[in-house]
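The two complexes that follow have subunit A in common; it is paired with subunit B in the first and with subunit C in the second.
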Partner chain A sequence: MILGDLLGTPVHDDDGVRLGRVADARFVVDGAPHRLMADARLLGLVVSPHSWSSFMGYERNSLTQPWPLPQLLRWRHRGSFFVMWEDIAVLGDRSVRLRPGYTAYSPALDRKGQE
Partner chain B sequence: MKRLLGVALGILTAIGGFVDIGDLVTNAVVGSRFGLSLIWVVAVGVVGICVFANMSGRVAAASGRATFEVIRERLGPRAGLANLSASFLINLMTVTAEIGGIALALQLASSVNYLLWIPLAAVAVWLVIWRVKFSIMENVTGLLGLTLIVFAVALFLLKPDWGNLASQAIPAVPAEETGATYWYFAIALFGAAMTPYEVFFFSSGAVEEGWKIKDLIQSRINVLVGFPLGGLLSVAIAGCAAVVLLPAGISVTSLSQVILPVAEGAGKLGLAVVLLGIVAATFGAALETTLSSGYTLAQFFGWSWGKFRAPAQAARFHLAMIICLLVGLGVLATGVDPVLVTEYSVVFSAVALPLTYLPILIVANDPQYMGRHVNGRGVNVVAMIYLVVILVASLAAIPLMIVTGAGA
Partner chain C sequence: MKTPRPLGPGPLAPVPPVAGQTLDAQLHLLDRQVLDSDGVPVTTVDDLELGAPEGEPETPMGTVIPPGTPAPVLTALLTGPVLGTRIFGGRPPSSRLIRVPWTDVADVGVVVRLGVSGQGLDADWVERWIRDKIIARIPGGRRDPR
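Take a look at the complex of A and B:
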């Protein structure tokens, strides 16, 4: 399976309730160090209930310029959340299922670009 | 003093580099059919390209990233690839049109059929891209392209009734044209002035020349002075057509008709100068568009790119450009009329424009890339107005193309 197949896959919780689709995957670069860069590790997935089209990066920050683009894009992705890899139970071809009691984090990063 | 010379040179090359085959053909067609009634679109387009080039130049200088690196990063691979495909295909169409333009101008100078000039033109473009330094390439073609000022000279020598010409400049649909064709050509003219390759080239050129924040003032002067003056050249081309061709009932369908008013106004010498200017302008634009096709692909796929690297260090970048030139050659070898390719390419340029404009606008507002050089409030207001204009032009272009039978 490649990451491209995962994008757009429906996401369900443990009871089979549909939560949205996979909009993005988030990595941290903290694996085995190499000369140029360390290996990337999949931290988790961003799930969006309304649309899995591009966020254009507005999910990561709190920018409000140029009005009204950020406001429109955020509205399109309202209710989107981030789940950690540990909270994912099944990563199937047709759907992703989360573990019971998963935690939905905000997809935003702080100003230094950290979770 | 050296600084001043640099600024002067920058402005001159921006003027000479502004006009390409799209501007030549579209302005002449519009002038010959609509007089100066569409000239306001040139002004709208020039302000637009100033806004766009200013933003993408600032993004390139502040973040060190060229347009398609930004698009790939910001839109992600999926939306980015759709974007790349559209932008790349339209750019390829423009490459084809520019090479055809070189060949047509050489045909007019030599009476040798343009089909024979096409391989020569393509090989010359390739050799320059392969061998010549970026700054020399830009300055020489830009300065030679300045000879297109002969259009303005010819307009004066034609001694038109200036009052009548000025009264034509009011937006109005001429009696023998329909509203749909009027707006179709408005979009074509807008697309010709705001061709996306200018921005790929501009932002990649900023990386090629290693711009830093302190060079931004100079680049801003180049853009804000050079492009409007280049726009005046466009107006002169349309003016010549409006004075000579419109009353004669000739609507432009070939390059020889574009230069007809110059021959009438400025004689044989003018004709020689305008042919030199057209060859220089189309050659310069062929270099820019060919490089742009290499830039867009390499930046999207993460290949090493740039003329500042030896070709062996940027092999895929150079190979991609060779293939693009060969595809352009192949299209022209079918005998398709380069003027027709040009007319379509400017309209499709307008269609594809939002794809590159929007990501640049977004990134120009992001302090993570830009630090404190994000868009100011004033720039954002103008940029958002242009986003709407660009979106409307983009969405209306294809329906209007169908309704008007491509402006027939």
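Take a look at the complex of A and C:
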């Protein structure tokens, strides 16, 4: 699977209601160890209802400068949420469907760019 | 069409903590420069390839993922002729993309560092070809400027 095929794909819930588009994919480096780095497994997807483009991650951190860039970008990504891999029912290049009763998490990262 | 908000009226809960380094593809990987073990630029990350973890069956795209299926893992960083598709849309055929295996990646920070030399990688064959066939034939082109 090529990640570029997934970014921007519409996301629907189990009833077919459109929730947004795939804005990003989050990986965590905690898989099977190798000589240099461990496997990076897909933790989940960031879904954005208004815009799937991302610019330097302002919408996922708490930075407020330079005004008004973070404020504008955060507004553009209002309503974004993160879904875990376990809540994804179908991963297609035309649509992503979530499982019934999925949990929407905050997509925020901390100042170091980590959760 | 108005897009509904996801479940829950209040602020969303944070993602359950995980042990390893977190990488958001667009923020931390895509378009990052790739350096080899000697610090020489090799390429940039144009796309990423995902696959099932070792020993697990691949789930075809568009099919229902059975509960409990292990999450896919990054198998390779992809690079290739993407300028045209960046402008006009789409992506190059998979066969045109050059793969840098994830197992060769040593560190992900401001740049992506590889643990191997770039000389053996397909990703910079264009630069090597230009160096050997064109630059080397220019008088003085074989001399190291340092």
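What we mean here is this: the second predicted complex is superposed on the first by the 109 of 115 C-alpha atoms of A that agree within 3 Å, B and C clash if a C-alpha of one lies under 4 Å from a C-alpha of the other, contacts with A are read in each partner's own complex, and residues count from 1 in each chain.
Everything that follows uses one rule, which is that a residue touches a chain if its C-beta (ideal position, glycine included) is under 8 Å from a C-beta of that chain, and two chains touch if they have at least 3 such contacts.
Values in this document were obtained by computation on a predicted structure and should not be read as measured data.
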Subunit B and subunit C placed together on subunit A: clash or fit? clash
For A:Leu63, is the partner it touches subunit B (first), subunit C (second), both, or none of the two (neither)?
-> first
Thinking of the overlay built on chain A, is A:Ser54 touched by subunit B (first), by subunit C (second), by both, or by neither?
-> both
*Based on the superposed arrangement, let me know which partner A:Asp24 touches: subunit B (first), subunit C (second), both, or neither?*
both
Once chain A of both complexes is superposed, is A:Asp87 in touch with subunit B (first), subunit C (second), both, or neither?
neither
### Query
What is the contact status of A:Ala104 with respect to subunit B (first) and subunit C (second): first, second, both, or neither?
second
Between subunit B (first) and subunit C (second), which does A:Ala40 come into contact with in this model arrangement: first, second, both, or neither? second
Chosen between subunit B and subunit C, the partner touching more subunit A residues is C
TODO: Once the structures are superposed on A, label A:Gly4 by its partner contacts, choosing first (subunit B), second (subunit C), both or neither.
DONE: both
Of the stretches 8-16, 224-232 or 296-304 listed for subunit B, the one clashing with subunit C is residues 296-304
Dual-contact residues of subunit A (subunit B, subunit C) 4, 7, 24, 54, 56-57, 113
So, in the complex, the side of subunit C touching subunit A is made of residues 1, 3-8, 11-28, 47-51, 53-54, 59, 61-65, 67, 70-74, 78, 91, 94, 97, 102-108, 115
Seen from subunit A, its contact residues with subunit C in the complex are 1-5, 7, 17-20, 23-32, 34-44, 46-47, 49-50, 54, 56-57, 60, 79, 81-82, 84-86, 88-94, 99, 102-106, 108-109, 113-115
Subunit B contacts subunit A in the complex at 74-79, 358-359, 361-362, 365-368, 374-375, 380, 383-384
As the complex stands, subunit A meets subunit B at residues 4, 7, 24, 53-54, 56-57, 61, 63, 65-67, 69, 113
